[in-house]
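Multiple structures follow.
There are two complexes below, and they share chain A, which is joined by chain B in the first and by chain C in the second.
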Partner chain A sequence: MSKVGRKRARAGYGFISPSLIFYSIFFIFPVVFSLIASFKRWNGLIPLFSAAWVGLENYKWLFGSDLFVSSVINTVVYSVVTVVVGIFISLILAVLINGSKLSGFWRLLFFLPTVTPAVAIGTIWGYLYRANNGLINQILGWFGIKPIRWLTDPKTALLSIMITAIWAGIGMQILIITASLQNIPQDYYDAAKIDGAGSFRIFWSITLPLLRPILLFLTATGMIGAWQVFDLPYIMGTNAPAKSIMTVSWYVYETAFQSLRMGRASAGAFILFCIIFVANILVLRAFKKGGIEGYE
Partner chain B sequence: MKRCILTILLVALLVSSMAFAKTKLTFAVHWSDYQVEGIKDKEGNVVTKGLRQYVEEYMASNPDIEIEIQMVPFGEYLTRILVGRLAGAASDIYVLYSLWGVQLVESGVLDKVPKEVATAIKNDFVEAAVGGATINGEIRGIPTEVANYALVYNKKILKAGGYDEPPKTWDELIDMASKLTIKKEDGTVQQYGYVYDTSSNSGTVHPYLARLYSLGGQLFSNDNKKCLLDSKEAIQALDAEIEIFRRGGTDSAATHGDFQNGRAAMVILAPWWESSLKIAFGDQYEETIGVAPIPPMKDPKSVSYTWFVGVDALSKNKKEAWKFLEWFCIEPLPNGATRMGEFLANNIGAIPSRKADLDAFPDKLNDLYTSVYVQELANTVPEPNVAQGEEIKNIIWREIIEARHQRKTPEKALSDAKRQIDEILSEFY
Partner chain C sequence: MNSKSKRFIKEFFRYLIIIFAAFWMVLPFFWMVSASLMTPQEITSIPPKWIPEKPQWHNYIDVLERVPIGKYYLNSLLVAGTATLGVILTSSLAGYAFAKLNFPGKKPVFQFILVTMMFPVFIFLIPNFFLMKTFGMLTNHLSLIVPFLVSGYGIFLLRQFIMSIPDELLDSARIDGASEFKIYRSIILPNIKPGLSALAITTFIGQWNNFLWPMIISSFSPNLMTVPVGIQRLSLAFASAETQHLVLAGLVYQVVPMLIVFVYFQKNFIKGFVVSGFGNV
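Our next item is the complex of A and B:
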């Protein structure tokens, strides 16, 4: 390399060094630290280096634990349902809102839950879901439907929380989808109408294909967020049987900070990381097959 | 010459600053704002002393000591200890829940209690509290409050149901609970006969333990090597709880909130609920709320948990920390009580664990609510201190919830709990 080339390379490294240092301190170090912890029997109260090395014991234990396996299943169900159903509802609402005169008002209305703290959402929905005097059961009662123990019946507890999560999350999705809808040139719709295409045909053949990149973005980011869900199940689901409601993040939190089993909790976090990683690879591949590239 | 003078001045400055430097103690507490800052009137004057006023009093008489109060929410307290020690910024003094004790002691977090303090604790504090602060046979902190359980009932609901007295036995409670439950035509419950404290795992596990002890059962073998939840007494104690569900005296949707809203007749609560109930019932409090011992299944028993103050083993100022704690928790005032006792009774509304403190505040501890808890201290068994106590409590809590939802029989739920707990105990004993 020439002298000038070396100088430029040094300058380049100099420019990226702040990001590199930041990334190393706040990402690589904690990840390596918790990876090492996942192979140790460590309670967080003694130095990590003096904790006993247990190899894969923490991982083996987790896969043999009914509660952890249930929490993985609950998290899978929660992620798939909230992301898929949430995006589907958001897409329909965004298309409807996009053509309406009060588009701004509707977007604001749907966006409000997004800026509301999860604790407030969980508490308010907790009141709505109350079995004996909750609003939802009262409304169902008008139609002769018997009261449901939404948050304590193991059959409905996770479903109830997913409904709340979808309600709380669609605002942001609608906002992003409507912004993308406005970027689709009007010419395409005009041409389709001249060719005699109906509303559904226009949606299916023009709107949906042109929204695919943004739908990929929403699916991938939604999945990452949903896999890590902690707040709503923790706030709303403590009185339901844990196996029916607990998520992996909740399990990891409790294992780390209540049971003081940092090693086991780190192993759980790494299993969660692997699941998120594989799930997102699958989503990206599915979209790539559908002709969307650029997110590899 | 100039250099010489400068050096002398620097050394003098260093020596003088060392001579006048204060010893700084950090005191991590889970108490809330008014408990630390004191209860104030509308003009902002302190009407009931908080921790800060006591600390200021100590600092005024010990000008070489500076005490910093660190307020940490209870839910983050254990995390604070962990993170503080990892970061080399551990507090000097902690207020600790007894159930955390074993792990903190075995991990070398807690300093040993000075001999004279340990002797004072043995002599002056109630047995349940001494038991709570004793870990592996050794006292590891000064007990502060002791919280046991009693039956709290709504006198008006009982009266309307034809009962002048609270239940005297657990069978009576089951019977009364089912009779006092009122269901509407649409299937919703208008009034519960009995509800559980659903705010934490303790609200479920502690009343269960009270029934277990009442039947003469134990949670662990004496050497802590075996969990005894497969015993006849353990199964009977849980079956007695599930019987309330079977007989319709409560259901899984019931919460302690129903009691506070006047829609439930009975609940088993700890003493610190008093303030919440006073707020909930307002001027109707005295004519509505009644307190009685937990109706026994056999012998009268309650269960307690304890808080104690301890010093971090890594503290550079252990001697000064213990000196402050002795002043705060052991040294008596002219009325025979300690400052901690005064603080607990007057500000927090908790039951002090020092015997003389219990007699010193009759207006606070002999009222209609707290007096029953104080009397029941004689029948109170402390929650056992074992390794992984919180993890074990969560396991029992979860299995009881499984049984309440009839997803498992009491036998199956307790046998599953025993299997998991035995695995934990085998790691440590």
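Our next item is the complex of A and C:
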């Protein structure tokens, strides 16, 4: 390597070193630490290395635990439903808003939850969902619908939380879909109109195919976020049976910091991580097929 | 049916759907503000009330006397602000190295950073907690800041921006004898301002809304409570029917200022989110 090249390489190492030091302390070490802990019976009060090695016991226990298995199912249902339904609703609204008057105002309105902490969103919706004196049941009552015990009935608790999550997420998705919509050349639409295509036909044959990359992108990034969901279920689920609303993040938190079963919690974290990893790879493959280079 | 009335019907349904959706967007915010001015009896009345009989402005004073909301704000501002500065600094330095400097091992290291983004937060809760304990940081703000000083996403985003700066610009500075750090400071940073502000806005909002980690830390050090943790504590502490007005007034204090800032700087915010959502532009 030339002298200049060496100098530049040294600078390169220098510039990435803060990040690399960070990753070795806050990424590599924690992952190894968690993995080891997942094979131990450990309460967090004694040093990890002196805790008893129990092999796969934590993993076996979790697969036999109703609560853990339901928390995995809840997390998967939550992620798939909120992302897919959320993007579908956002797509419709983005297209409708794009051709409307006051479009900037509408988008601003839908974006407000993005700058509101999920904790506050969950608390406010908790009031609206109240069975006897909540606004939602009152409004439904005007249309003759009987009161629903949204957050206390195990059948509707997760659904209620998913509705709130979709409500909170569409603003950001509308914004990103809109930015893509506005990149579609007007000529395409003009040509289709000359050929006599109706609005639905135009949406189906022009808008949708051209938006496919961004819809896949939103699905992939949305899933990565949704798998980790903690705030909304934790805030809104206090009055529902744990099995109906608990997510894996919540389960890990509860097991580690309330029950002090750090080993078991670590094993739970790794089980979901494996599921997420496979799911992410599947989504990223769809990504590539959809014609997106994505992250390299 | 002629085309004029057909268009009318189409537009009618367009606005019907938008206004229906907009109603549900506004309703929670509207009710939060309205209920924060009600008496506790009005908040829990059956059927529910939409607006207070007589606005109870003193709710806002009562809650300040019982909850240190100002302190939550200071904590949140300090934590989100410092973490944002850290992310900007580490991401721009590493982004420059990955975009423009050649060194052995560059590709695998970059791929490693992309992979780190796939790891969910809950794997790190337990080990990071013990790291903070070992470093003696559990009782101060560093425990809320240090684990968030580097962002794989930030490195990726700024690398994209820096790659679009022409090499000739850097080479001519090098011929003039500028060091790599000088180039970083006087050429790279000024040329990626849109990327920096997008990353700053999204990082700040992300940290501002962060809940799980600050909750774990502040269950050991209550003086470190941030705004979201404060909101949650508020609704637990004043859960009884007679103190509901305090919960709602507290919520307004914690939600509305951020909304005002957002509406005021809406152009920057929205641009920031769009830019960071794409990973380029």
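What we mean here is this: the second predicted complex is superposed on the first by the 266 of 296 C-alpha atoms of A that agree within 3 Å, B and C clash if a C-alpha of one lies under 4 Å from a C-alpha of the other, contacts with A are read in each partner's own complex, and residues count from 1 in each chain.
To be clear about the criterion, contacts are C-beta pairs under 8 Å (C-beta built on N, C-alpha and C of every residue); 3 or more make two chains touch, one makes a residue touch a chain.
Everything numeric in this text was worked out from a predicted model, so none of it was measured.
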Three-chain arrangement built on chain A, chain B and chain C clash or fit: clash
First, second, both or neither for A:Ser24, with chain B first and chain C second: neither
Which of chain B and chain C A:Arg8 touches, first, second, both or neither: second
Chain B versus chain C as contact partner of A:Gln182, first or second or both or neither: neither
Of chain C and chain B, partner touching more chain A residues: C
Contacts of A:Arg261 with chain B and chain C, given as first, second, both or neither: first
Chain B versus chain C as contact partner of A:Pro147, first or second or both or neither: first
Which superposed partner A:Ser205 touches (first chain B, second chain C, both, neither): neither
Chain A positions touched by chain B in one structure and by chain C in the second: 44, 130, 132-133, 257
Of all residues in chain B, those that touch chain A in their complex: 78-79, 81-82, 85-86, 103-104, 107-109, 186-190, 198, 251-253, 255, 258, 263, 388, 390-391, 394, 398, 401-402, 405, 407
Sites on chain A touched by chain C in the complex: 5, 7-16, 18-20, 22-23, 25-27, 29-31, 33-34, 37, 44, 48, 92-93, 96-97, 99-100, 106-121, 123-128, 130, 132-135, 138, 167, 172, 175-176, 179, 199, 217, 221, 224, 227-228, 230-231, 235, 248-249, 252-253, 256-257, 262, 265-266, 269-270, 272-273, 276-277, 280, 295-296
Footprint of chain B on chain A - complex, ascending: 43-46, 67, 130-133, 137, 141, 146-147, 149, 152-154, 238-243, 254, 257-261
For the chain C and chain A complex, residues of the former touching the latter: 10, 14-15, 17-18, 21-22, 24-29, 31-32, 35, 43-48, 50, 89-91, 93-94, 96-98, 101-104, 106, 109-114, 116-131, 146-147, 149-150, 155-156, 179-181, 184, 205, 208-209, 211-212, 216, 219, 227-229, 231-232, 235, 247-248, 251, 254-255, 258-259, 261-263, 266, 269-270, 273-274, 277-279
